[in-house]
C-alpha cells in the first residue's frame, strides 16, 4: 500500500511536470499550427536560469519568477525571429525549430558551463510528513499543486475571459477573429510566450525534484511531452493533462516493477493510440 | 522547337557534369597514393561514410519531403549489429556479412513499422515518432549491458580486409560511389519520380492513381537500410562502438549535411558531408585557441537556421538557381538580339 | 444509349447541413454534361462524391453498372474516372513534361519500377509529348510548372487529366480565375476533346455562353437538390430554373 | 449625401488567380448598395478585399476619406466595418453568447442596447443562448453572424449572400432585419436573390469578370430587362 501510494504520488508529480511542458506545446500547436521542436530548449533554459537565480539569491520564489520571465522573453524572441517567417510551412517549421533547439542547448553550456547544476528544495518544502502511515514528500505535493493550479488557471482564462475566448475562437477561425477587429498576431505572440513560460516553469521545478539538472534533459523531457501531445490529441488542453498523468504514472510504476521497459511502455501506449485513434484521445485535428 | 533545343543543351550539360564527377572520383582514388597524411585519409573515410548516411537522409527529406528526427537509430542499428557480431562471434567475413543481413532486416522492419504508423498523418507525427523511437534505442543500448556494455561501449576486431587504412579508404569510397549511382538511378526511376511528385503535391499524386502511403514507406525503408549500412562502415572504421551512435547528434549531422549541401540533389549531401566533417575537424583544432570553438555546434546551428530561412535549397540548389537564371538571361538576350536583327 | 455513369439518391451531409440531397442522374457514354447552379449549390461537393474525395452519407454511385460507392479516389481513377481541380493542382517544382509523364506512367500501370532509368521509357515520354501537343504546351515541356502562367497551368492540368486516359472527365471550372484573354485557349482545348468523341465529360462552369455552346445536356443543382436535368434548350425554358438560379428564390 | 466607402480601380489576385480586374464603386452613407453579378464574377472577393482578407494589388479603397487598402484586417474592422461572410464564420464550438462576446469591443451601455435590440429581432438566438454555434440551423447561423457584426457600433456592414441556402420564410426574416438596420447603418450587400436585392437595395453595381460594368439606382435595373438579361441572365 505504501509503495503503491508513493509510486502514484511520484507519477503524478512527474506527470505534472510533463504536463506543464506539453501544455505549452499543445496550446501553440492548437492555435498556431506550429509544432515547436525547440520547446525542450526553453524548458532547459528555464531550469538553468531558475536554478542559478535560486542558488545566487537563496530564494526559490525568485528562482521560479526568474525562470518564467526567461521563458517569456525567449518565447517572445523565438516567435518574432524564428517562427514568424515560416508560418504555414510545416517542414520548414520542424527543421528550423530543431535548429533553434540546437543553439539553445549549446548556448546553455556556454553560459553555465557543460557541467550539471544541483538543486535542493527550499526549507519550507523540504522533508516529508505522514498521513495514516503513508509518508508524503512535501516537494512532490508542491509540484502537483502547482501543476493543478496552472491547469485550472489556464482553463479558467480560456473559458471565462475575453482573451481566452479570442484564443479559442482563433483556433476555429482565424480569419473571422480578425474581421471582428482583433489582432490575432498579437494573440499568437502572447500564447507563444505563455507556452514558453510554462515550459520554463516546468524546468525550474524539475531541479529540486530530481536533484540535478543537465543540458540534455531538455530533449529527454521534450520527447515525453511529444508522446503526451500525441496521446492526448494535438491541440487539446484537457487531453494533455490526462495523457501527461498517464505517462507520469506509467513511468513511475514501470520504473519500479520493470525498470528496463519504462520508456518502451510510453512508446507502446503511443503506438496503440496512433493505430486506433490517430487524432489522439481528445483530438479533433487530423 | 524551343523545347528540343533546350533539351540538347541540357544533355550536353549532363554530359559535362558526368565528366566532372568522374574526374573527381579518379582524384579521390588517387589521393591516398599522392598524399601520405594518415589523418587526412581517415578524415576522408569519415566523409565518405557520412556522405552515404546523408544521401540516405536526402532520399527522405529532399526527394519525398519527409522529416525524420530519428535517423540515428538506423545508423546505430548497423553500428551495433556489426560490433556485436564481431565481438560475440569471430571477426571473419562470413560473420560480417551476417551482420549486414541482420542490419538490413532490422532497419527494414523498424522503418516499415514507424512508416506504417505515422506516414499517413501530418509530417509532425513522423518527426516526433522517429525522435521517440531513436531515444528508445538509445535507452536500449544503455540498459542492455550484457550485449552493449552500456555507455562505455566496447572495442572489437574486424575482418582482415578492413584492417588496412588504405584498403578501407577505397572500400568506403567505392561504397559511396555505388550508393550515389544507385540512388541516382532510384530517384530517376519511375518510382523515384512518384516520390518527388509526393513531395510536391501529395493529394494530387493520390488522384493520379498512386497509393501514396506505399511509396512513402518504400522510401523510408530504402533510406533506413542505407543508413544502417553507413552505420556498419562507421563502427568498422573505429573498431569501436558506444551509445553515441544512437544520439541526436548523429541525426543532426545528417540534417545539417543535407540542408547545407542542398536537399533533393544527392550530390549536395556529399558536399555537405565533406563540409561538415572538415569544419568539425578544424573547429575542434581551434578549440585549443579559444574555448568557444568547443561549442562549435552553436555556429553550425545558427548557419543552419539561416540556411533554412534564406537558402532553403542549400549550396547545390542555390548554385543551380543562379545558373538557371543566368542561362535564361543569356537566351533572353540572344532572343532580343534576334528580334532586333 | 448505354448508361455509363449513374447516381442513386446520392446524399452527403456535413453536420446538419445537407450539401447534396438525393441526387439521381444517369449519364450516357460520350455525353457532354454541364452542371450549373448558384454558389454553394453543391456542385463541387457533387464532383467530390463522384471522384471519391468524399464518401456519401447515403446513396450509391454506379460506373458501367458496377457499384463504386465504396472505392477510394485512387481506385476510381484506375477504373476510369479522372478529375481536374478548381484550384490549380500541379507539381510545382517538376517540369511540365514530368508532370504529364507521371500521369502517363500511372495510366500505363508502371508504379513500382525502382531501378531502371526513366529515359528507358521512351514511349511514356512520347505519349506525354502527344498530350502536351493536344493542349498546345509542347513549347514549355522543360519549364518548371511553377513558372507557368495561370492559363498554362490549367492547360497542364487538363493534359494530366487526359493522359490518365479515363473514360470520364470531371472538369471543375477550368476557366476559373483566368484573365479574359486566356479563356479562348482553354475553350479550344475542351472543344478538341469533345470533338474526338470518345470521352464522357462532366463540366462545372458559370460562363453560360460556354455551357450552351458545348453541352449535350445540363443539370441544375440548387441547395443540394437536382432542380432540373435536360437539353440546353429545355433548361433555358424551364421556369423553375429561371426563378431559382437565374432569378429569385420564389416569386 | 456623403460618400462613405469608395473603391477606385481595385485589382486583386488570389494566388495566381486574377480575380478583381478593376472594381470602382461608391457607397453612400445610409444606403444599401447591392453588388450583383454571376457566380464567380468577383462579388465575394470584393468584400474580402475591402476587409483586407484578400489584399488588393492595385487601386485605392477609401473609407470616411481615409485610405484603408493597405491596413491589416483587424484595423479595417476597428475603423467601424462589420463583416458577415458567405459561410457566416460562426465559431462552431463557442456558444451563441460567446460568439457575440468575442465580437463586442466593450461592455458599454450602448453596446448592450444594440445587443438587446438585435436579440429582440432574432429571438431564436436567445433560445439557444448557451448552445454551441455549430448546432444552429443555417438560418440561425445567418442571424448570429449578422448579430455579431451589428453589436459593435459599426458604420458600415458588408453582408455576403445572407439569403443563401435559407428557406423562404427565413429569408424574409433576414430581410426584415436588414431593413431595420438600414436606419442606422450603411450596408453593402452581395445578393444573388434578385427579389431580395431589389426590395432592400437603394443602389446597385453589377460586377462581371472582376470588373464593375454597370451601376445606378435600383429602380433603373428593375425596369431594364435588357441589362438584367445581359449580366444576370434574368428574363
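Here the chain labels run A, B, C and D in written order, and each chain numbers its own residues starting at 1.
FYI, contacts are C-beta pairs under 8 Å (C-beta built on N, C-alpha and C of every residue); 3 or more make two chains touch, one makes a residue touch a chain.
From a predicted model like this one, the values you see are computed outputs, not experimental measurements.
Among the remaining chains, those touching subunit A and also subunit C are B, D.
More C-beta pairs in contact connect the chains of B-C than those of the other pair, out of A-D and B-C.
In this assembly, the chain whose C-alpha centre lies farthest from subunit D is B.
Measuring from the averaged C-alpha position of subunit B to that of subunit D gives a distance of 55 Å. Chain centres here are Cα averages; for subunit A and subunit D they lie 43 Å apart. Centroid to centroid, with C-alpha atoms defining each point, subunit B and subunit C lie 42 Å apart. Each chain gets one centre point, the mean of its Cα atoms, and the points for subunit A and subunit B are 33 Å apart. Taken as a graph of touching chains, this assembly forms a single closed ring in which every chain touches exactly two others. Here the touching chains pair up as A-B, A-D, B-C, C-D. By the touch criterion stated above, subunit B contacts subunit C in their complex at residues 1-3, 6-7, 10, 182, 185-186, 188-194, 196-197, 200-201, 203-211, 218.
Per the touch definition, subunit B reaches subunit A in the complex via residues 65, 67, 69, 117-118, 120-125, 127-129, 131-133, 135-136, 139, 143, 248, 252, 255, 259, 292, 295, 297-298, 300-302, 304-305, 308-309, 312. Every residue of subunit D that touches subunit C in the complex is listed here, in rising order: 14-19, 21, 38-40, 44, 86, 134-135, 137-138, 161, 163-165, 168, 171, 192-196, 209, 232-235. On subunit A, the positions that touch subunit B within their shared complex are 35, 37, 82, 85-86, 90-92, 94-96, 98-100, 102-103, 106-107, 109-110, 219-220, 223, 226-227, 229-230, 234, 260, 263-264, 266-267, 270-271, 274-275, 278, 286.
Contact residues on subunit D toward subunit A in their complex (touch as defined above): 51, 53, 72-74, 77-78, 83, 85, 89, 91-94, 98-99, 101-103, 105, 148, 152.
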